[in-house]
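Given below, in the form of structure tokens, are the structures.
Look for chain A in each of the two complexes below; its partner is chain B in the first and chain C in the second.
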Partner chain A sequence: MTESTDFNLSHFIESHQDKLLESWMKGLLPEWRRKHPQSVDEDTLRRQSRQLLDGLAKLLAGQLTESWEPPLDHSITLLLRNLSSARVKQGYRAADIAHYLVTLKRVLIHALLQENLTGDLSRFGDLLATVEIATDSLTTLIYEIYAETRERIIAQQSLSLLELSTPVVRLWDRVVMVPLVGVIDTARARQVTERLLESIAKFEATVAIIDVTGVPILDTSVAGHLMKTIAAAQMLGARVVMTGISPDGAQTLVKLGVNFSEIPTRATLRAGVAEALLLVGKRILSIKEEQ
Partner chain B sequence: MNAPVEEVVYIVPILDSTDVLKARQSARELAARLKLGSADQTRLATAVSELTRNVLQYAGQGQCKIIDASSDTQTRITVVVEDHGPGIPDIELAMRDGYSTSGGLGAGLPGVQRLMDEFHLISQSGHTCLTITMSRPRLAL
Partner chain C sequence: MKIPILRLGEILLTSIQVDLTDAEVMEFQSSVLHTISEVEARGLALDITAMEVVDSFMARTINDTASMARLLGAEVVVCGMHPSVALTLVEMGRGLIGVDATFNLDEGLSRLRKRIAQRGDSMLGEDDRHERSS
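What follows is the complex of A and B.
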């Protein structure tokens, strides 16, 4: 039986590394494999986890107070950062990632319990507390990194959404179309207006179709933005046809007192396209009729 | 007949424009759950959208409470939108069609009143509270 006063946690982790790693992976892999069968690369995971155990052993060589936090430039921090952000991109949930370190904590405590260190209970309690402080703060860290990565992804997505969401399509000679999808706020409205005006000028369009099928709610703010866009397009000499107002939307707009009656509107994009083509003197015929 | 039980179904704090979406989606969801038609769902969602957007624009932040006050005989949804902003200086003017202090269409408040069955507005500096209600007779089962 080891005397607990001489017991060195750092040394313990180093000397039992293989065994600890085995039980850690045994506790972790079945669940990760079940949830993410495609993305578990066992070799990489083992290598990273071994490095983590190394790093942990080094950390535990020093004294950990209760307010201890892993230093930002420590190898273990960088390791967790890589591990966590890679898993986020593979679609792991926060709980899955936390599970990684929770399993480590369980394995460490379990291994310590088997060491029969009960000779000096207060020293044994200190050891458990140290393990707890270390693994808990690492779990907090990994969670923070997870949230950070998620936030960054969301920020990137909303940026690219803004980029993607206002394509102006050239439908035919002198006919352009903007399909509006989603929420029209001031920023989006400005962007739609800019792109539409650019395309009208570029394609010398005389008709612009604005399709609002994908706009969930037409309230006065959205209507106000649309009206400004339409006025600007008309100033460039384009006639605007608005399409895709739903029956519910139409009733609501009338009640609100929003008046689109000066603009030709059509219920469907199909009718709007026909109207637009008519305005430039074209129409769509079936091949049979033409013959 | 049972007395109507008022149940607050959603409380949405209005802090930025995503909360406007959250509030109106919640309103639409409740309307759908209470089996109101899609036109009524759109009406309610639009009204909530108007009022919560006003909160953001004029007061910066506030709160939107969506209440199910249905009884045996009618489906009744009440929405209370409150803020602690500067208040509406002239309510009569604000309720006039085409009047806006912000360059908007000036259709928001009077429009909401037309969309809803009941409309109460109290406003003073530091507290503005709008209560709107949509009620429909409940169809016999």
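What follows is the complex of A and C.
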């Protein structure tokens, strides 16, 4: 074996790559398999981990100071980014992802210990410190990537939820309907209003039905938002019919002093539809009656 | 004392015959509203013939209940108010503003039916009724 003074960490990793990879996977795979039996693709993982070891070996050829951070455009950063974001999408937790690099650190240190480098203790300490710095900063990086990916996913989801939850339905000629589902906050209220006004203009609607069956809580702020929506729709010349207020909702609204008396309200959507049809001069008849 | 709420087709009829405590009034309000919602009533006749005293709380509750019932899509009529009650309420500066009132129940029901006939949902439930009668 090499003298500890000449010992090169970079060469060490390169020459022991297969052995290191083997013990790394041995430490990692049982736990990942147990937690995520569906998503562990061993071949890909091995390939990626081998690339990571390569990258690490190259990094360690240079000197690492304590404040060292992996450069953003380095191949190892990109590799970790791919690896981490793929795992996030598969539902891995932060701890699972950190476990990946923690295992690598353990394996490296264990391998170093077996190299009988204890002749020069201070040199051996330096080596351990370098391994520490490298793996720790990579762990920090992978955490950061994990959080970033998660945040991006959450932002996308809330955007698509917003899109999903505010459809405006054209119910009949000149009748549009907004089925409101879920909590109405300021952002959603504005979006609902915008969509409704757009649809009223587009379809030249004269009646708009606002259905609040799916709104769990009717309070002053929700009522305020609804009043604004109604006022805006009325400015475009549409009449508004409210439907789906629950008995408890009605009690709350009246006790809060909210005044909806100007607009027709109906308990159910079907009664509201009938009212809306009457307002545009239409009526549903049974076929028998017409004959 | 639970106040009975009777169903006359699409109209709910309820008559307050005894003095109610404040808690009982609130319970009454809530049960009227839930019944309207359950049976999808389109009218509510509130008969107060037997009430010789209406205090300001009761007056406000009648007002509120009428507004709440309207939010649930029911027309409301208050029937049979005593002349003395009307006088007291006006003197207190607290009328039954906004609530349609009639002198007796008969007049109240026919007014409700007239108003319901003008509504768009007057033909709703025809199929249900037809099935039940046949």
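Note that in this section the second predicted complex is superposed on the first by the 236 of 291 C-alpha atoms of A that agree within 3 Å, B and C clash if a C-alpha of one lies under 4 Å from a C-alpha of the other, contacts with A are read in each partner's own complex, and residues count from 1 in each chain.
Assume a residue touches a chain if its C-beta (ideal position, glycine included) is under 8 Å from a C-beta of that chain, and two chains touch if they have at least 3 such contacts.
Bear in mind the structure is a predicted one, so any value in this text is a computation, not a measurement.
Engineer: Which partner does A:T44 reach: the first (chain B), the second (chain C), both, or neither?
Structural biologist: Neither partner.
Engineer: Looking at A:A223 after the superposition, I want to know if it touches chain B, chain C, both of them or none. Which is it: first, second, both, neither?
Structural biologist: first
Engineer: Once chain A of both complexes is superposed, is A:L256 in touch with chain B (first), chain C (second), both, or neither?
Structural biologist: A:L256: touches chain B, not chain C.
Engineer: Go through the superposed model and pick first if A:V183 touches only chain B, second if only chain C, both, or neither.
Structural biologist: A:V183 sits against chain B, while chain C stays out of touch.
Engineer: With both complexes superposed on chain A, which partner does A:N116 reach: first (chain B), second (chain C), both or neither?
Structural biologist: neither
Engineer: Between chain B and chain C, pick out the one touching the greater number of residues of chain A.
Structural biologist: For chain A, the partner with the higher number of touched residues is C.
Engineer: For A:N82, is the partner it touches chain B (first), chain C (second), both, or none of the two (neither)?
Structural biologist: Neither partner.
Engineer: Thinking of the overlay built on chain A, is A:Q90 touched by chain B (first), by chain C (second), by both, or by neither?
Structural biologist: In the superposed model, A:Q90 contacts neither chain B nor chain C.
Engineer: Is A:Q156 contacted by the first partner chain B, the second partner chain C, both or neither?
Structural biologist: In the superposition, A:Q156 touches no partner, neither chain B nor chain C.
Engineer: Which chain A residues contact chain B in one complex and chain C in the other?
Structural biologist: 246-247, 249, 251, 255
Engineer: For the complex, which residues does chain A have touching chain B?
Structural biologist: 183, 185, 217-221, 223-224, 227, 246-249, 251-252, 255-258
Engineer: For the complex, which residues does chain C have touching chain A?
Structural biologist: Against chain A, chain C makes touches at 29-30, 33-34, 36-37, 40, 42, 64, 67-74, 98, 119-124, 126-127.
Engineer: Mind pulling up the chain A residues that touch chain C in the complex?
Structural biologist: 242-243, 245-247, 249-251, 253-255, 260-261, 264-268, 270-272, 274-279, 283-284, 286
Engineer: Quick check on the complex: what are the chain B residues that touch chain A?
Structural biologist: Per the touch definition, chain B meets chain A at residues 17, 21, 24, 38-39, 41-43, 45-46, 49-50, 53, 97, 104-105, 107-108, 110-112, 114-115.
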